[in-house]
């Protein structure tokens, strides 16, 4: 029995609220149980220096946690004057994951920034960020298309992400904070709507994991992401 | 007629939602119209070095804006590696304002940090932060009292804040972003529940203001803060 | 009786020494009693990026304290790698105050930087900086006019500043360090030569202040600034 | 045919030179073909603050590239004043990988720092760092054991790492820089001498990868790491 | 004929004004012609961590230039967030030079910080800093002795410094800014009152210098420092 | 008898290995006994902003030490976020020394960066860096000449450097770390192949040094550099 009482292959309750704030071209509050992340997509009509005059655009992500999103207060990174290694890793992952479904030429010479700010953390903030960030990105792209700024849809697929782990020897899906703390292995999986892998990051926490355990986690992740893809589609169609 | 269509002495719709997130000892979403700030109060059982072994506590504030809280995206301060001058000024103001109603000896040797993070900005974020921050602080203090950690109530008053300005020669209350951009003078006023001043900060934007204009603004502010004090009390009693 | 033995409405001895150093377009040593600030005005034939090709100029200020300007040594900000919040607040205030009397179009696309460096501190360094900074600015503008670089005088007024406070229940003018430490309220007032307000910043230190106290402080300030305006004029005419 | 002309399952020539410099407790030059990384292990008789009085030690890693280790010169991170995101990610990975085979209690309250400095880069610097870093760590642990500072061997296993990828649809082992630039998928695998996984990090570069491709890469990696484990053992026994 | 019209072995007019500001234990304005540096000596009853419980004290120096001490404005180092290489070099030199005449054990476990802030620059600011810094240090030490905090005089000698150079093939003493810009070689020499060398730093600017030129510069420097030592003594006795 | 057992005028064993790494235009491992520094010269087809459109090039140097190049581990400067004062001083010295033999107009509008990274330190790393850096620079210049990118040889001389000191009253040449720690005076001398001085930096460590001691050190240095110039020539001709 896992700490949350959920079945091994059971997701937490998922919610995707579009238009959560009003300024951004895309603004989505994504909730995986008690984990709540505000994902905004901002369109900027300029690109990083290395892409100037390339006719290609860019999609990047930034990640942050409000200081008291967590059980005990975390120092504000702006006050400390630098982002932690963990933050940098996560935002690089989110950016790579989202770029994997974007045709940067079709996007045109502009930049979309996906800001993922964790209002409340209960495990799985990076995978929630990717899953919600995709919906915010889709809304921003919709704005560009409606305005006639892009000719063809720069999104050639959907992307979502989920965490899996080994809890007391059994693979489990979508770990909350309490489960993550006890897990022997923690893996984040990013996949597209064709069921193929975009990123796989697994780390042994307690002891090294066997190939069979890896296979079990990948099976669970694949199944969970399939359901997240459906949730995203439902949110975007509503 | 002011841009928002409100009467000169009319506040925007005010909302104070307690328990907006679940980890913090106090967590309040404060809304002044479209301005939305999440204020959390975190209790830490330690004090800054200069207060160690003083039997006194400390209350401090930090302020941040999500990058896309604003009409166009602002750089993330954590990514730039430093807080802007405006941020530093605002968080110092919030801290001073809240400390004005706290008996730091009664608080005991602990620190309360008020984090004010702007989810959506439409003018008046610093005064909203003070007004909502007080409620979060009161909740945190309530937790300490319930737990028997403080003997007497460290709060000896209430504090709230509002902006006032001169719009086309007339003093107006509670400026939104559009009004603030057009105002000739911008003033932030912080008062306690006895109707006395804790902080007054007025800046001429267009031309210098006369004593009569200053008096008019102070009258409006005093009246507005009175209503905010009532709103705070209602929220805390609900 | 106030600590300095001065009457409630008595300024300290004021001195404005022009040409204190020889490189700057304006260089003024301002003394308010034992407070001594070197204000230099430097003309640069370039503007910040956001003003390029705007036909408008810019006036900005920077503030610093020599490490041993104070009773005990303060860390050098250059060595610590960042300016303190207090420094940032003060230099923003000085810049706003001086810009309030400058026609930035008449100045032309150039920048004047007012550097205010405190050689010796005894309270009121920010108001001394504004008062002396104006004289340095006027000298720099004079240089531009003599050189035929500006067609009409970009200065459309004079600006000066003074601190006021409540000491043992009585409003007093121009607090020195000892008085400032004991004051219940501390207020900085910036006005122009028409007797109108450019900035008002009042902070309760001990207990909140009443409207009547505020009024008393504003009266004193208004009177004191009137005398400072006269001192500036005398210095500029000598 | 892969760019290097190697068979799909062929490692580059591997060299592990112990005692490359003389000050460190462990100092190993690891070469994977033209990739050359100097790994030093430094024993320090102190631990990070959070481990004080815990009777547990710590193993951590830092990673750097000499500015001209690469084809065109990279800015020196010390001169820029911050480590890049990529650097932070890599050094966190190396540290986690090495800690996975260390009994931190047996190590005692001391810290071992593994510095991995790339003298020449040709792909696979992070996996070479882990592979060589293990040998440096083993030498440092050997020093501690000889000196009687640890009672039982804190190393409970061996760890090595290799990169795998998909090149023109085929899984290939140990990519050099030219191959890495062309690869559709890039995966780094860290395993122990029992053949179990410590870390798996796979990223789609061109298009998303299928489960069968993932399986193929894992098979190659497992086989390659087996050979690296043998190389490490040979180096340590020589 | 040198640009300043001075004879090759002629110093500029030297002035040492003690008690220039009132807070510091030593405060000296040193003038070498138009070069003006404010040197303050601050006594602190603590030492850097590596000297704790060593019964030894420390003397260190910090150097800064007011932004408009120079012909065109220099960026403020505090605003840029780092000290320039030149600044760091100079303050290290001043610190070493002064420590050369201090018995750190006799000083006791305390620190003296010599702050050298250039109010106006016209060449030779580092040598003026050493020469004036010594007098400030002597005043601070005098304070300690009068207060009975040190038993025996920690100063076992005097130290002064001067610049020399080669101008149109001829060695010249005490270069001002205009001369320094034209000089083929620039050398700073620090000596004690016994006429021995504490530091010699010579740099070829135009072409490499010959041994005979070096000898000529050292002769001039030795003679000039002898006169500075006399000036210091006179100032301290006045 | 000096600690190393060498004669007073005896250099350590010198080795200059060209082509130590393969990417840089010049790559030299320089060894002075146990001191080993990797010097690379990188040609970049751009110049610093202040030289744009000047038809002049630039030569600059950066210096670093691997964390465990030394007896006990030194913090990595990239991790600390700033270069130490010592590092800045050394790299400025190396840059000045190398520029002294370069005709920057003949070099053309490009930049050569000399990176000197200490793999193993045993005293004299800055003088080894200059001596080896020259050979790397010569190789980079050779590449430019072969490619027809420069018309005439920008190198108009050779430059090398050595340390000298006073050990137990006697001048000695080329101090290793143990000798440097005991030396009463430490001097670094940079000369060209004509036997003239480019830089002389002498510092009294124990007591001030006499003119005769200075003369003795300069004689030794001159003789030692003569031999280093020969070693450089031999390396470049091999």
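All chains are identified by letter, namely A, B, C, D, E and F, in their written order; residue positions are counted from 1 within each chain.
By our rule, a residue touches a chain if its C-beta (ideal position, glycine included) is under 8 Å from a C-beta of that chain, and two chains touch if they have at least 3 such contacts.
These numbers come from a predicted model, not from an experiment.
Fewest steps needed to get from chain A to chain E, stepping only to touching chains, is 3. Chain centre most remote from that of chain F: B (centre = mean of CA atoms). Because chain C and chain E share one sequence, their contact can be compared position by position; here over half of the interface residue numbers appear on both sides. Look at the CA centroids: the one farthest from the centroid of chain C belongs to D.
Computed from the mean C-alpha positions, the centre of chain D lies at a distance of 33 Å from the centre of chain F.
We define each chain's centre as the mean of its Cα atoms; on that basis chain B and chain E are separated by 51 Å.
Multi-chain contact residues of chain D (touching two or more other chains) are listed as 81-82. Starting at chain A and stepping first to chain B, the chains sit round the ring in this order: A, B, C, E, F, D. By the touch criterion stated above, chain A contacts chain D in their complex at residues 82, 85, 88-89, 92, 96, 100, 157, 187, 191-192, 194, 196-204, 207-211, 214, 218, 222. Listed in rising order, the residues of chain B touching chain A in the complex are 21-24, 27, 34, 36, 38, 40, 42, 44, 62, 64, 66-73, 76-79, 81-83, 87, 113, 115, 117, 119-121.
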